[in-house]
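Across the two complexes that follow, chain A remains constant while its partner is chain B and subsequently chain C.
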Partner chain A sequence: MDLNKLRETAAGIVSRDDVKYLIGWRRGTFGYRAAPYFVEDAAGVEELIFSPLCISNLAAYLTLVEKLPVPRGQEPDQRKVALLVKGCDSRAVNQLLVEKGIKRDQLVVVGLPCPGMVDWKLLAEKYPETEAPVEISWKGDDFLLLYNGQEIVVPRAEALAEKCRLCRHPNPLISDVTVGEPVQPWAPAEDSGVAEVEAKSTPERWAYWEEQFSKCIRCYSCRNACPLCYCEDCILDRLDPTWVNRAVNFSENTAFHLARAFHLAGRCIECGECERVCPAGIPLGKLNRKLAHTVREEYGFEPGLDPEAEPFQASYKPEDPEEFIL
Partner chain B sequence: MTEKPKLGVYICHCGINIAATVDVEAVTEYAQALPNVVIARNYSYMCSDPGQLLIKNDIKEKGLNRVVVASCSPRMHEPTFRKALQEAGLNPYYLEMANIREQCSWVHEDREAATAKAKKLVAAAVAKVRLLEPLTSREVDAEPAALVIGAGIAGIQAALDIADAGFKVYLVEKSPSVGGRMAQLDKTFPTLDCSACILTPKMVDAASHPNIELLAYSEVEEVGGFIGNFEVKVRKKARYVDVSKCTGCGDCAKECRLAGRFPNEFDEGLGKRGAIYLPFPQAVPAKYTIDPEKCLFLTRGKCGKGPKCVDACRAGAIDFEQKDEIVSFKVGAILVATGFDVFDPVRKPEYGYAGYPNVITGLEMERLVSASGPTGGNIVIHNGEEEIVPKDIAFIQCVGSRDQSVGNEYCSRVCCMYTAKQAHLVKDKIPDARVRVYYMDVRAFGKGFEEFYDRVRREGIRYVRGNPSEIFKRGNKLVIKVEDTLTATPLEDEVDMVVLAVGLEPRGDARKIIELLRLSQSPDRFFLEAHPKLRPVDTATDGVYLAGCCQGPKDIPDTVAQAKGAAASALIPLARGKVAIDAQVAEVNEATCRGCGFCVSICPYSAIELVTVNRMGHMVEVARVNEALCKGCGSCSAGCLSNSIQPKSFRDRQILPQIAALGGTR
Partner chain C sequence: MSEQFEPNIVAFLCNWCSYAGADLAGTSRVQYPANIKIIRVMCSGRVNPLFVVNALQQGADGVLISGCHPGDCHYMEGNFYARRRLKLLKELLEFIGVDPRRFNMSWVSASEGHKWKEVVEKAVEDARAAGPFDQFRRRQIGW
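Up next, the complex of A and B:
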């Protein structure tokens, strides 16, 4: 990855009058962390990075921005937002466009072909987190760690994040400019996480999810990090009628997670942010990916591939299968 | 609601329909004890005048402000009771019905369990009725015009009636000429008048009527809108002949390089036509059409040294540059008269239709005996070896009707009589012919039918009760294997010709009309009427009416009667000039709507659009409902992720207490 090229492109974009800021990543303050980074001027691009640690999906910030009331007599800020996207992130952008969550003309998309991200928790088993930031880069198919001043090559299979093992679209599907050469897509691995749950009997599966959902503290991190969970007034927060009670217990937690999963069916682009940010370690990816598999296999639909696609949940074909539904 | 709810609950016996299975007294007693219920009563027929009077009097005397009627389906009597509320001065939408007939007494046998269920249904209605909101229905103007799809006898008759009443009619016909199936028939049973003689004047009238715009060789492409305000797009297919110039002289067809090369659809393939053709001599409009799939010039871009039709046409009417044309217009009502297909006997291989040229269908027989047919009305047939005048002729009834093996359980209603008619015509033309009819039952139910059946038998035509099992060839004869079931005798009958009395089936392209107009099908796959007895020409889509065989097999008198009935129904919105808009429509909460447009895609009535609104200085898109188009179906609500669109009277806060009363927890 030619960081200079990225910084140069980013500087050009943030210097434009019609661009408010660029959302990218910079080095975190310790260990294996990369942090979201809002670049507002050309000087800021020096801190911009793109490394195997940039796993977070920044598309969520497009809709997280609060639309403050515009004082009378003033115009709302119509400047564009620039966003760095990997393949998976670009699918979120496409899906947001499909459901009119953002407008294309208010967006500058910088595409970054992605060779795959590391799951730092896998790395930390062998190379524990340090106080100082760890540098990681791609070296061929593998990862190169600069750990306590020492260069270590970590084989790809040892550290590649789960979502990247399953990845089918490493190259951005939408972008205004692309930095770097397209990568050769690799054969996606079998989704062992989903297969493992599917192999369970119904009572076993129930017991499994009971254990998982019982851990939930309802911090709503999954909802906040999800690029496609962005209703300003979430129905799970409403009081009349109260679909989900405030109580944190297995029953209400289950209602919350199932409602969210169904709302994401045919919309989830499998970026894995929900599971990554969960402080309780609930494997939410398995739940959402299961629905994504079903949508893909039964209806031949994959969200986020085409910004002009008809929204899956709002389209109907007479030949749509239904025999597998309950 | 600011005022305290005061409920009246009325439980109907529906004679014994409900009372025999549900203990109405117990339900009444139970309802009386429910919260806010001022009065609970039961009565033999709530929908009757005295029944309605009970409700009206209670509203006035006891000051009721909400009413629950526990009786039949709201599809049956909701309008009745709403009217009663309105007449007593109460908002008609303060009514909730509990369906204790279709959903309780009719489907249960155990009186105790059915009574318990009826109580729950009543409690659920009571829980909901308190939360209902007052609604006001509105009226919009209706377009004083009608669309008639299909110009067979049903479509022609309906179009003429509507046009005669003074309204504009767009008559759309898929094929190049109007006339439909009736134009193919020779004589009509039981009176034996000539089909063409009685139909042709009507075809001409339909084409020349000042109020009828005939769109022949055209297909309906798109229908939007609703009763009173349908927006229609019709594709006028290119004929490659300028109809304003074509005189119908036929010189082009004589010269066509492919003249006589293709089976003529009108003659059921017994006659031949060229690439440019007039379907039959009496066609209306009498204009030639070039078949774009056959014409050399259109398929290969080359026809000899140049298309001969162009040289032959003295009017200069041939126009290979012609393109399909889309015509748009608005109508207030739509009449569907798309007709039927005949059963294809290839699906009954035991009758050998595919292999033996002297096994033909009833419709082919019509062309064979018709004076305007390919043989000029002479019955001659090829038996595989030579052309003969058949002397031994058998008819087989119920081919593709009353036959579960081909998926058609129904009786096609016309085959018995057209067979009798054709048998008579054979005897008429070949007096020394031996004619047998193999039948299961003879259904001669119409006016003059039984008399005609008797007459035919007196003419020496033998009716043999038995369903043939097989037809095979022996020498130059066909052998029919059959058991005479009246004498229990197995027979083998050697004949020169077999006529299969094929039944009627829904059209192969019916699916397109179903999707266009949101129609339903009955189990026999014909279009479904709104009610089999009381609304036989209406459909579930308001403003769309049915006529003729698209709704089910029928003969010409029944078809014409139904067409006239459908025309009268279609005239109601047209003549009134207004249609009522239901008040139970969807409503958007613009404050929470995120403008994703899912509801816009989902809405089957195209009733929702996105509009831009100012939200705190930001211009954002939100959904908005066109109340005139909305049917209150609630599909939008099911698809809305932020729960920002809900049908009035079926809002979550109204139906959740109802569900809770049925046994939910909240």
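Up next, the complex of A and C:
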């Protein structure tokens, strides 16, 4: 990945009059962190990075921006927002366009073909986090780590994030500008996490999820970090009617997670943000991937591939499967 | 002889077909198990999956959802949406370890009083085989 080319392109975009800012990544303050970065002028692009640490999905910021009422006599800011997207992020953008959550003409999409991201937690097992930021880059298929002054080649299998192992679309599916050469998609690994749970008996599955859901502290991070959870009035927050109580106990936690997973059925683009941000380490990705798998296998639908597609749960086909109906 | 477990089943019936079908079963004096608590909704497409989750949280041992046959919906397409949605819910519930026998869905038209009887018998039998479902019950919060 040629960072100079990315910075050049970014500088060109942010200096346009019709662009408000560009959302990208910059180096975090320590260890393996990369922080979201809002570039407002051409001078700011120097800090922009794209490395195997840029795992977060920035598409969430498109809908997180607070829309304050415009004072009387003033025009609303109609300038565009530019966004750096990897393959998975571009699917989130597509899905947002399908749902009319954002407008295409208010968006400049900079596509970055993604050779796969590292899961820093896997990396930290062998190379603990340092106080100074660590540099990582791609080297062939593997990762090149600049750690305490020495160069270490980390094999791909050792540090690749789970969502990237399962990735089917590493190249951006929507972009105005693409920086870098398209990567060759790799064969997605078999989803061992979901298969493992499916192989259990019904009571064992219940016991497994009981243990997982009991850990939940109901911080709502999974919902907030999700690029596709952007309802202004979320049913999980609503008090009248209270579908899910605020109480932190197993029953309410389960209802919460069922509702969250269900609301992403046929919409989840498997960017893995929910699982990544979860402070309790609940494997939320398994719930999402299970539903995504059902939607893909039984309905032949994959969200986020086509900005013109019909939303899955708001459409139907007369020949949909109904073998489960009495 | 020990007493047989009587499951508690919540049924969501659409106003135009299944509710009328259950009514027909009643007026035709068809005998069917009394474990069903019917909630009338205007269309099976009205059934929010959270209704099902909530029923299970409040102590239902099983849930039955019934609507018009595909193509017969009073609102043209409501039951098609319900079919997609509830299929996913069924998969999800099964995945987290809820016995699949606790969740049934059926198409019963207004003239199928006898089919309604069979559906209820099947749902009750299924829920009975699955046993009481207390693990998911909402905890009462005493102040």
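Simple rule for what comes next: the second predicted complex is superposed on the first by the 323 of 326 C-alpha atoms of A that agree within 3 Å, B and C clash if a C-alpha of one lies under 4 Å from a C-alpha of the other, contacts with A are read in each partner's own complex, and residues count from 1 in each chain.
To be clear about the criterion, a contact is a pair of C-beta atoms (placed from the backbone, for glycine too) under 8 Å apart; a residue touches a chain by one contact, two chains touch by 3 or more.
Quick caveat: nothing in here was measured; it's all calculated off a predicted structure.
With chain A as the common reference, the superposed partners chain B and chain C clash.
More residues of chain A lie in contact with C than with the other chain of the pair chain B and chain C. When both complexes are overlaid on chain A, the residue A:Ala42 reaches neither chain B nor chain C.
In the superposed model, A:Lys67 makes contact with chain B only, not with chain C. In the superposed model, A:Gly101 lies in contact with chain B only, and not with chain C.
Once chain A of one complex is fitted onto chain A of the other, the partner contacts of A:Leu258 are limited to chain C, with no touch recorded for chain B. Touch criterion met: A:Ile235 reaches chain B and chain C at once. Contacts of A:Arg205 after superposition: chain C is touched, whereas chain B is not reached.
When the two complexes are overlaid on their common chain A, residue A:Pro76 makes contact with chain B while staying clear of chain C. Once the two complexes are overlaid on the shared chain, A:Tyr316 sits against chain B and chain C alike. When the two complexes are overlaid on their common chain A, residue A:Leu144 makes contact with neither chain B nor chain C. Touched by chain B in one complex and by chain C in the other are residues 235, 313-314, 316, 318 of chain A. Chain A meets chain B in the complex at residues 67-72, 74, 76, 99-101, 230-235, 238, 240-242, 263, 310-311, 313-316, 318. Of all the residues in chain A, the ones that touch chain C in their complex are 197-198, 200, 202-210, 235, 243-245, 247, 249, 251-252, 254-255, 258-259, 261-262, 265-266, 287, 290-291, 294-295, 298-299, 312-314, 316-318, 320-322, 324-326.
Partner chain A is touched in their complex by these residues of chain C: 49-50, 53-54, 57, 70-71, 77, 80-81, 83-85, 87-100, 104-107, 119, 122-123, 135-139, 141.
Note for the complex: chain B touches chain A at residues 515, 591-592, 594-602, 610, 615-619, 621, 639, 641-643, 652-653, 656, 666.
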